[in-house]
Structure formats: structure tokens, C-alpha cells
Amino acid sequence: MTEPTRHERLRLGMVGGGRDAFIGAVHRIAARIDDHYELVAGAFSSGPEKALASAADLGVARAYTSFAEMAVRESRRKDGIDAVAIVTPNHLHAPVAMQFLKRGIHVICDKPLTATLPEAKRLAKAAEAAGVVFALTHNYTGYPLVRQAKAMAAAGELGALRLVQVEYAQDWLTETVDSKQADWRTDPARSGAGGSTGDIGTHAFNLASFVTGLTLDQLAADLTAFVPGRRLDDNAHVLLRYHGGARGMLWCSQVAPGNENGLRLRLYGSKGGLEWAQEDPNRLWFSRLGQPRHMITRSGAGTGPEAARVTRLPPGHPEGYLEAFANIYTEAARAIRAVRTGTPVPEGTTFPGLKEGLEGVAFVDACVRSSARNGAWVRLAL
Amino acid sequence: MTEPTRHERLRLGMVGGGRDAFIGAVHRIAARIDDHYELVAGAFSSGPEKALASAADLGVARAYTSFAEMAVRESRRKDGIDAVAIVTPNHLHAPVAMQFLKRGIHVICDKPLTATLPEAKRLAKAAEAAGVVFALTHNYTGYPLVRQAKAMAAAGELGALRLVQVEYAQDWLTETVDSKQADWRTDPARSGAGGSTGDIGTHAFNLASFVTGLTLDQLAADLTAFVPGRRLDDNAHVLLRYHGGARGMLWCSQVAPGNENGLRLRLYGSKGGLEWAQEDPNRLWFSRLGQPRHMITRSGAGTGPEAARVTRLPPGHPEGYLEAFANIYTEAARAIRAVRTGTPVPEGTTFPGLKEGLEGVAFVDACVRSSARNGAWVRLAL
Amino acid sequence: MTEPTRHERLRLGMVGGGRDAFIGAVHRIAARIDDHYELVAGAFSSGPEKALASAADLGVARAYTSFAEMAVRESRRKDGIDAVAIVTPNHLHAPVAMQFLKRGIHVICDKPLTATLPEAKRLAKAAEAAGVVFALTHNYTGYPLVRQAKAMAAAGELGALRLVQVEYAQDWLTETVDSKQADWRTDPARSGAGGSTGDIGTHAFNLASFVTGLTLDQLAADLTAFVPGRRLDDNAHVLLRYHGGARGMLWCSQVAPGNENGLRLRLYGSKGGLEWAQEDPNRLWFSRLGQPRHMITRSGAGTGPEAARVTRLPPGHPEGYLEAFANIYTEAARAIRAVRTGTPVPEGTTFPGLKEGLEGVAFVDACVRSSARNGAWVRLAL
Amino acid sequence: MTEPTRHERLRLGMVGGGRDAFIGAVHRIAARIDDHYELVAGAFSSGPEKALASAADLGVARAYTSFAEMAVRESRRKDGIDAVAIVTPNHLHAPVAMQFLKRGIHVICDKPLTATLPEAKRLAKAAEAAGVVFALTHNYTGYPLVRQAKAMAAAGELGALRLVQVEYAQDWLTETVDSKQADWRTDPARSGAGGSTGDIGTHAFNLASFVTGLTLDQLAADLTAFVPGRRLDDNAHVLLRYHGGARGMLWCSQVAPGNENGLRLRLYGSKGGLEWAQEDPNRLWFSRLGQPRHMITRSGAGTGPEAARVTRLPPGHPEGYLEAFANIYTEAARAIRAVRTGTPVPEGTTFPGLKEGLEGVAFVDACVRSSARNGAWVRLAL
């Protein structure tokens, strides 16, 4: 285990993530784990009272009731925030990000990038122009054995890639659910055109892209809303065709009883196969054709430097979701520090950003278009 | 454990299954396990020498070098065979079966029913007209926990069925293989229009139909032959739409390294989910929405009479592929004895036959048609 | 898969195994699977009516109401039985076996060998003198991957053996049970001095001995009868010291809720480790120190000839308890045929017999003695 | 998920945990996760240069080269540390702790409590007299499903407890290892009289005690040092007898190839069984006699408030070792804040302390005494 040398903590602000939110607390822990950030400011809710109460809960002194005001005022302080974490519903990602990035504040944004594709393109263009670091928390790419899988695929351990089987199954929307979490995720105005596709399909798609390095050529999608009255898909069956000839299937569902966060990737090539599941993330199954299956464990025999650099513990001591999430934060911190010091980003630093964000929103858009055309093959509109 | 009361053994003949064959030996063991059959005649190979040598190996006195001759002569003997097991390559199923059934000899035939759909229809018509028992060895339906799953789905334990995820993954054709088994399975003349779809996709499709009781409305298929020079699909991605609104995905592959006989079914409804895998067949996972997942074991707590009647052992003592296969033979024996004695088939007797055979061949036909039209939705041509 | 060349079937008799019995039916299926035996005679019960009714059920013409009479009369027939299967409660094993072996009839006997150690010694001496084949159905040694494990240990794949962890856990006697099976197993007069130790501890002990090839030096045992009124141990904790320095633990229990037939062996040496569990018998886990864990599958990559010769199916098609049991019958058939034909027993033929039977009874005896002395270390009284 | 209301962070010092150390970094992350502590001072190594370099690495301004000096000077500062984390080799736990606790500084100490039993008793007495909070990081008790298991056992879900099967298997000392970690752990002067028993056996013993609530009556131990030249046990087989009649087995090993941190607990009572393994910590297996096995997931259906209060994530998102460790730190923070504010410790606050520490050292002492007497039954010398 290597512990990164401590520097001054980066000053972090947060938009969203107040009382009753889920993902905000995850971001806060993730930011703390490797000690790269100190949360010093926040506009934690769109409701002013709740925004202030949440700040008090968290002991954050610089509490704002408007993210626009926060962007302005923080950018004027000498000790203003270095980066902002955006953990609002999807439709706010773009407007919030725009306020901060145009003032040179780095952005760590929850996925999907935006609720619509045109918005995603505008945001990407603006962020690139601003020259800020833009990290998108496709957190599953932070798991050490996902990094290991990517390294093995890149090293040709599977031979030529032929097959991608990826799925993300949940059950929490099997029935009509009345909660803050369910509410905005099933509302097109706040979530965008995709339901399960946007919320978890993007994770599955990103994971497959990240590990394989493949680029999608076409997809054909069959989207369904099984629960009466639901306005967005709660299940999607998607066929994939990648450039170079690999093919695949993607299944995402929020109506599959018995599944909690069943994100699972299986890859097969001309020489071998790999399997990984996020509910059992400390094991990677590798089958070289004609040999017994190997169980590669996190930090165990057979793991390489790509996994080791994002691992904290010896094998057999499980790491989980928060550590993987923290890895995204830590990688982003490396990039932000590099910008601040005018030094190159340390070799190996890897985190999802605008490109992955655009692809994700384009994936949702393509799924919706294909499904509207009865599952015709369509291309990502990038 | 209940052991069926012993009767006179049924006299069984076999066509195919000589030296070097795989599935013939499986049928022979399956026929013996519950002691309902005695193998007394065979045309074990198309090569006369091998046919006779195989008979000698097996101690079968009535050895034939031609299945047509065998049908004629056995039908004339007083102690002629009651039933014939057909274990040839696919293209011979129909011609062989025709010879026997028209002489009133019951048929137990390996799947798929035939190599082509028109042939399947003719065979089905002829078999019905002949009034013989026709069992098709979709052997996975013989697993006790598959029966249990069917009973639970029928009893509404899953609520309204919404989702079918079924797959059958192998790796033995990942590279070009030179063997008798691989040879005919990758030859359109002997296998039919489907490669992996015919060989294992039919099993997956049948398993899903058997357990759910659903009827397919449409499918959309993306078939591929990944290995250079291969003439039939070795991988298929299929989207499913069932009558009544359920949707599904079917994946079959013979090029997925690390997979041996990975047949796996997952079903989800409005109230619960079920998962079963043939490589771990003594466990059935049942999740009622809002409750912890239950591990139902073969013969264990929570299993009902549908499973118990095809189980031989107490829980914790694994049964496997041969016992499941034997269950098909035993169920067929019950039907054959009923015909012989003019009594009703015992209640609960369940085995796949012509209907399932027709559906399977139509499934392959539809996959090939859909794939030829770039994955358009098509209906089974039944 | 190789199917043994068929010979004339051996004529088999059975003592015990009538209506309501469990293990008799298992023996009958095991005898049929590879087609080496035909059951032609039986004294299926000590009650005359039940004995005859059971024979009728099974279609066995030569039905006896006394095993002694059966031994006499069968030995006088020209077509008398070649071998007898003894599936009675433990206390009858010796008296029944004596009747048959002294008339030159081969014996296949359920375990443990006898109910008492002196009886075991007398029986072993008599059987050796008679020159008959004596097979004891420690059936778990028939599993292909148990054979594989033995071969790997013998080949030094684990280095010097240091540790044996073996257990057999059940739950069916967690409460007072009123059944034929429970009845005699908890009765010292019929079961012998050991309860769980005799019924399943002997299997665990035998399995460890078989795979490791080690000989026990001493044991220390803590036996308990947890259920009020139970006269024999239903749980045992045993420490093991083997000759050569290896040490181990053996746990057997019939009062461990959630365990069905949890027989599990783990071995560790200076270079590697092996794990196998009978509820998941088609997988063997092998860890070479400093390498990822390998999952060796039955018939899959990494298996050798010792496993292949007792396997019927390709990898991924599960074999189970009955096939393993059948392997003992088939190995015994090879030995019996060798005796009949005066030829050497085929190389590789392996089945448990008198030596293993004596060790098993001595193990129970030692456990009881040690426990009576508050867990003092004792040696097997062989 | 509930996030504890933020207060001023507690000021934390650390003794040990400099460069090359393992557990120090774990403590630091654990202290950060819930944001209760700020590390402000440290004597990170016994070597002055390394001590200062480590402090610089970590950005800790108050760097000491002597723990005694640190205790004196911190106790005199107005902003001196509230608590000290002791992460040295075992033999230093007592001398370090004494310096701090006598100055009213709360102690969070790694296990085992001390290297010898007399030392442990003196320390316990001193700590009680000082009235400080003393937390011992038996971190596995921080896992949510361990809390759940304890709650279920206490609620009688297992009926009367009969059996404890607990084990902790590793393989990292299978051969002679030359590392800082291995060095002190195999040195009696620094580790104490126990090798594997002290390092991991204490964890196993503590886990069983924590979950069951049982008190040990007697144990019988067979300790071995398998690796030539090793001075402390690297493997231990221990029989357990608890007050009230429950019995058990404990196995700990550092020479079991293929095992990383295989801590596993199985409990059986008159009505049910529970199984939990730290390498798969988000699942708890519960078997009620006569019902199918239930898989209880962390935060999932069937979990109660005792687990929920130490959980951060929804089900299906794995938590791991660091989160469990953080729970100990957070529980200790609750107790420390209560002392500081003179308020009662919040209900439900649970963490191991002096009592568990004493029992652990007494457990090692008893194992060594019993083994020296050839496995005689001995009592803990408390």
C-alpha cells in the first residue's frame, strides 16, 4: 500500500447533496478518504432553509442558497474553492457547471453529464475552452480490478475482443416508489430522456467502453416502462456493435427483483475471457482458453501496477464502492494539482471526463431513438 | 425418495451413438438409471463395421447396419423394440424417426427436432397421425429445480412476468476444432441453418418457454460466425418479445472462453425473481420483492411435489445432468406404458415433444431470417 | 468420455434396502449406471412380508426372508449371485457379510464396516481368508475431483502436507426425529458406539486419508449429544496428528442448521492448497503459493487421467452423488471380474475395502475413548 | 444512510505508523471517513529521522521523536490531542498507552492489548483509574453484518447456541518471509508468546465472543510452528467450551496457501444457523431450521437498526474493511465526545475495549499453556 504524500488539501465546494440526498454524502466521504480535499463551501439545496441547515449539519461555514452566487463569491475570495462537486439532479448539471468553470473553478460532476445531448455538447465545448479539469464520477472505473481488467485487455490477454456482455440490474423501482430519489429519476424534466438507461445504463456502457477501449458503431434498443404510469424506461435491452467487429449485449433494469446493484461485465476474445461484478469487486475471473479459470484477487498474485496504484489494502481485506469512488476524486486531485503547479499530470492518472460524459448522453439518446424506431440500428450522434 | 415400481423393462433400440459419439452414451445411461429400459437393438453408425463393433462393445445382440432395415425387422419381431432412441446428427432425425413411427414404434429423439422447418412440420404431422409417443430430449427440463421454477412461476410467485434473461455459453468452438463433434455441428448440411442457435440456443429458448409458460411473439437476432471460415453462427444475440408483454434477451455462444455449459435462466416479475444455472443445478435462487434472497435446494425446504417426483436423493447430495436426462426417459416410459396398457398417462408426467421440437426449429429459422434482415423483428413461422 | 466395454452383467444380491430404506435405492442405481450388474436376488427386510413386497416392487424374482438362507441357496445355484450388497443398519454388516464371504460371494458393504472394533477385526480376517473382493462404499472417494486431488497431493503439487481441515455437517438431527433413518442411527445397539462420528465422521476421516495418503498417529476428541435424550454423539470436534507431522481438525455434526451434506476437505502444504466440497463436487480449488487460485473443473483443463477414468461427461455438465457412488460399484466390478477370470485387476482400479473399514471403526472407537478421557490424545487401536 | 452531524473534529495523535508500516495508514483513513478526527501530532517511528520524515509525508506539523515527550507536551498544550492512536508492535502498546492515559488522553489502540497478560492487567487497571476512553481496534466487530449477526443471536433467532466454528486463515507466512511486517510478528520479544494466535487468533476469538455474547469456560490448543526456525506458532487448532454448554473450534493459520484474510464465523443453535465471512462481508447467511437459507445483504431486507447505524450505503454497493474500521473510530468518537461534554454515551455505541483486550491476551496465554501441556483443557487466567 502506498499512501499519497500529503499536500495542502484542495478546497472543495459542493452544489446539491443536502439533507435527504444520497450521492452527496458519498462524494463527501470519497473526497476525504485520501485526504486531498477539505469541504469549505456549499449550496446544498435549492431550498434556502434546507441549504443552510445542511451546511450547519456538515459544519461548512460558507453556506450559500444559490449556486450562481456561490460561484461568483468563491471566485473572488483569495481562499475560494479550487473545485466544485456537482451532485444535483441531472438537468442542473450543465447550468451549475457553466457558472463555475467559466470562473476557472475545476468541476467534479456526477453522471450523466447532462439531461440532453445538445446541452452536453455546449458544456463540453465550454469546459474545454475554460481549460479546467472536468471529472465525471463514473465511479466504477475506480475499482482496482476494473483497472486490472482494462490493463489485461489492452495487453492482449484476451486476444482479439469479440464479445461484450454487460448488465446493470436493480429492483428498487419494481413498484411505484414515492421518494426524493425515485421522484426526479422518473421525471423526464429532471432526468432527461432516459430512465434506467440514463441512471444506470450509462454506467454499464461506460464500464464496457473503459475496460475494452472499444468504440461503439451502432446499437439497437428495446426500452420498456413496465410500471404503469412510469414516464421513462425502467428496463432496456440493447444490442451493441463495436468498431472492429466486436458485438455485445447490454441490459439495464430497475425492475428485476433480487438485484441490488448488479453491475456485471463479461468480455470474451479469441484467447480468453474476463468476468467482474461490482457486488463482488475484489475478484476478477480470468480464463485463458484451455486453462483452468483463475481467480485474481485485488492486490493478489497476478495483479499489475494499474490496479496497485489505486489500492489501499493487502489482498483479502475487501475494498468497496467508497474506495473506488475515492479513486476518482484522488485522480482528479492529481490533475488539479498539476494544473495549479503547471506540472504534467502524473503518469497513469485516469478518470472519466467530458469525452465519457458526451458518450454517455449520446448513448441514452441513441437508445431512445432506436427504441422509438422499433429497435432499428442507430449510431451515437456525437 | 420414491423409487418407481419396477415393471418389465421396455425394449429400446438406438440409432446413432456408436464409437466416438458423445450423446449416445448419455442416452444409454439415462435409460438405465430408473430401470425402465433394456437396450436390445441398434444401428449405431452409418459405417457398417463401426456399427457392428459398437454393438459388440455394448453387448447388444441385435446389431444393424441400416436404420431402415432395423425398423422393418424390429417391427416384425414379437419381442421387437418398443421405442427407439435417435442420437444421430440433426439432418437424420426426421428420416430415421419416420421409419420407426410409421411402424408404431415410440420415438425418443435428440434435439433439435430436425434440420429444417418444413421437415419438422412433416415429421410432426406424421408422428401425430401415428399416435406414438414422441419425446424430444430437451433434457434440461428434467432438472428437479427447473420443475420447481416452473411450478413457482405458474403459481404466481413472481407476479406478472416481465423479464426473461436466458443464456447458454460455451467455449469449445473458440478456435477451429477438428473433431467428429465439431465437424457436423458446423456443417449446414448436417446441422441445419443454425450453428450455436441450433445446438444450444434451442435449449435456452426451450428452457425459458418451459419455465415461464410464455409464448414468443417476435424476436430480433444478431448472429455472428466469429471464427474465420465457419459457415454457421457461433454466437447469437437475440431480443425477445413474448405475448402478454414480457420481454427478454437470449444469448448463446460457443466462443466464450471460460464457459463450459453455462446455461442460465433468470426471470423477473412484478413480485419476485428466480435464477437457476445448470452448472449449479441443485440450487434455485428466489427473491420475493422486499425479502432476503432464498436459496432453495433440491429436495430441501420450499420445494414442492413437481420437483420431488423427479428427485432421487435427499438435499445436499448433488444430482446432475444424467439424472435430469434420465427424468426425460422415465417420463417418456410412463407415457409409453400408458399407451401399451391403454391407461391414462400418470398425472404430472411432463416431457418435451413435437410441439417443443417445432418451436425450437422455428426459433432457429426465425433467428436466421431476422439476422439476414439486419436484426428486424420477425415471428416464428409456425 | 469412455464407456467401459460391456461384459455379461454380474449377478447381484442385496440384503436390506426394502421399502422405507434410503441407501438401498442408491446402491441399486449405482449398480445400474455403468451396466455391470443385474439385481437378481434379495433379502430386503428383516420382516418377511416387507421383504417379499419389496422384492415385488423391484421385480426381483428370487426373494428371501432370511439373509442366511439366501447365502446358502444362492451359493448352490449355478446362476447364483456373484456379489452381495449389504445395506442394513451397521450392527448387521458383519453377520451378513460372514454368511456370504465364507461361501465365496463377493461383498459390497455400506460403511461403517461394523458396529464394533473387535467385530471389524474378525470380519477383516475372515474376508481376507476367503479371498473375496470386499468393497466398502465410502462413496465420496468415487468423485472424479477427489481422485484428482489425491493425484495432485501424491504428485507433490502441495509440497509437504501440513494441514488437514475436514468437516461433514448436517442438520437433520437438530431436533428429535422420529423416522426409520433417525431411529437406528441414534441407537447404540444398531449403530455402534458412535453417532455422528460413525455415520458421517467416518466419511470425513476416510476422505482425508484417501486424498492425503497420510496415516493418523493420534487424535483428541470432544463428543457431544446436544439433543436431550440422545444416546449417541450428534456432534464431534476432533484434533488430528498424522505421522510425518501434519496436523488437522475434523468436525462432524448432525445438528448444524442450514447444512445438508456439507462434506468439505481443505489441505495445505508447503507449496499449495486444495479445497473441495461435496455439495459443489465439480469444482476443485487449487492454490499454488504466489499464484492466483485456480478453479479446476471436472473433465476440464488441468485434470489428469485419474479423474478422467471415472468421469462420464464433458466439463460443465454436472455429475453428482450417484455417479460417484457408481464409480465404487464399477471399480469393484473390475476387481470381481479379475478374480473370476484369474486376470490382474486393471491398473488404476481403486476402491475402499477392509483396510479403510477397519480404520473407520477404529476412528470411531478412538473418538469415543478420547472423549471419555476428556479429550486426551489416543491412538487408533488397530 | 445517515451521516452523523458534524462537530469540531477531535484532535488525534498517532504513535507508530511511519513509512513502511501497514496498519497506521489504515487507522488514518478510518479516522477520516466519518470526519470525526484531524491528525495533528505524531511520533511515527522509533527512529528519529524516519519519525520526522513520516510526519512530513503526512503533513503533520507536530512531529515527535519520542512518544513519552509527545505525551508530555501534548498534554500541556491548550490545543493538545484529545486522543492517541497506538499502532506500534505489540510490546509497545502498554508503555505507550500508559504515558497518554495517565495524562487524560483517550486511547485507540491496535490489538492485541499487550504482549503479556500481567502487562494487560496493569494497563487495564490504570486505564480504568484514569477514566479515559480506551478503544481496541478489533475492527471486524465494526462490520454492519457482524452487528446484525450479534443482534440476531441476542434476539434468539438461532435458539439456544450450541456450536461455534470460527477460523482465520492466511498464507503470507507459508515460507520464511523477510519484511518489517513479518519480522516483528514472529519475534516473541515484540509480538508476545503467540504468533498466529496473537496476530489473528485473537481476532477470531473476539469475533465469536462478540457475536455470541458467550463467555469461554475452557480451551484445549494444539499450536505448531511449521516453518523451520520460526519461534512462534504459525498455526493453531483450538477446541472451545463455553459457559452454558456451547462448544466450538477455532482455527488460525498463517501457512494455509490460497487464504488471504479468511476470517469466517459459523454459529449453530437449536433453531437456526448463521454464517459470515470477512472476505464477502456484505452477505450474511441465515438458516432457520426447516426453511430455505436466506442471504441477508448489508442494508437489505431483514437487516435491523444495529446494522443500519453503522452503514453508509444502500444494498448492493459493497462496503469493506476500511468502513468497518472507521466504525470503531466513529463509535470511539461518540464515547470521547460524551466524556468531553459530560453527556451520556449515545445508545447503541459499541466498540471493543479493555475487557475484550484482556480476554484476547488471556486467550493467547491459555493457548500457549494448553499446548505446552499437550492440549490439556485450561481456563483463561483472568
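For reference, chains read A, B, C and D in written order, and residue numbers begin at 1 within each chain.
We adopt the following convention: a contact is a pair of C-beta atoms (placed from the backbone, for glycine too) under 8 Å apart; a residue touches a chain by one contact, two chains touch by 3 or more.
For reference, the UniProt names are A, B, C, D = Gfo/Idh/MocA family protein.
These figures come from a predicted structure and were not determined experimentally.
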item	value
Chains in simultaneous contact with chain A (Gfo/Idh/MocA family protein) and chain B (Gfo/Idh/MocA family protein)	C, D
Chain whose mean Cα position lies farthest from chain A (Gfo/Idh/MocA family protein)	C
Interface composition of copies chain C (Gfo/Idh/MocA family protein) and chain D (Gfo/Idh/MocA family protein): same or different, split at half	same
Cα-centroid distance, chain B (Gfo/Idh/MocA family protein) relative to chain D (Gfo/Idh/MocA family protein), in whole angstrom	55
Chain centre separation (chain C (Gfo/Idh/MocA family protein), chain D (Gfo/Idh/MocA family protein); CA means) in Å	43
Distance from the mean Cα position of chain C (Gfo/Idh/MocA family protein) to that of chain B (Gfo/Idh/MocA family protein), given in whole angstrom	34
Residues of chain D (Gfo/Idh/MocA family protein) engaged with two or more neighbouring chains	259, 286, 293, 297, 300
Chain A (Gfo/Idh/MocA family protein)-facing residues of chain C (Gfo/Idh/MocA family protein), complex	286, 290-297, 300-302
Residues on chain C (Gfo/Idh/MocA family protein) engaged by chain B (Gfo/Idh/MocA family protein) in the complex (per definition of touch)	1, 3, 5-8, 22, 25-26, 28-29, 32-35, 57-59, 170, 172, 259-262, 278-282, 297, 300, 312-323
Contact footprint of chain C (Gfo/Idh/MocA family protein) on chain D (Gfo/Idh/MocA family protein) as seen in their complex	158, 162-163, 165, 171, 174-175, 220, 222, 224, 226, 235, 237, 239, 241, 247-249, 251, 253, 255-259, 266, 268-273, 275, 285-289, 293, 374-375, 377
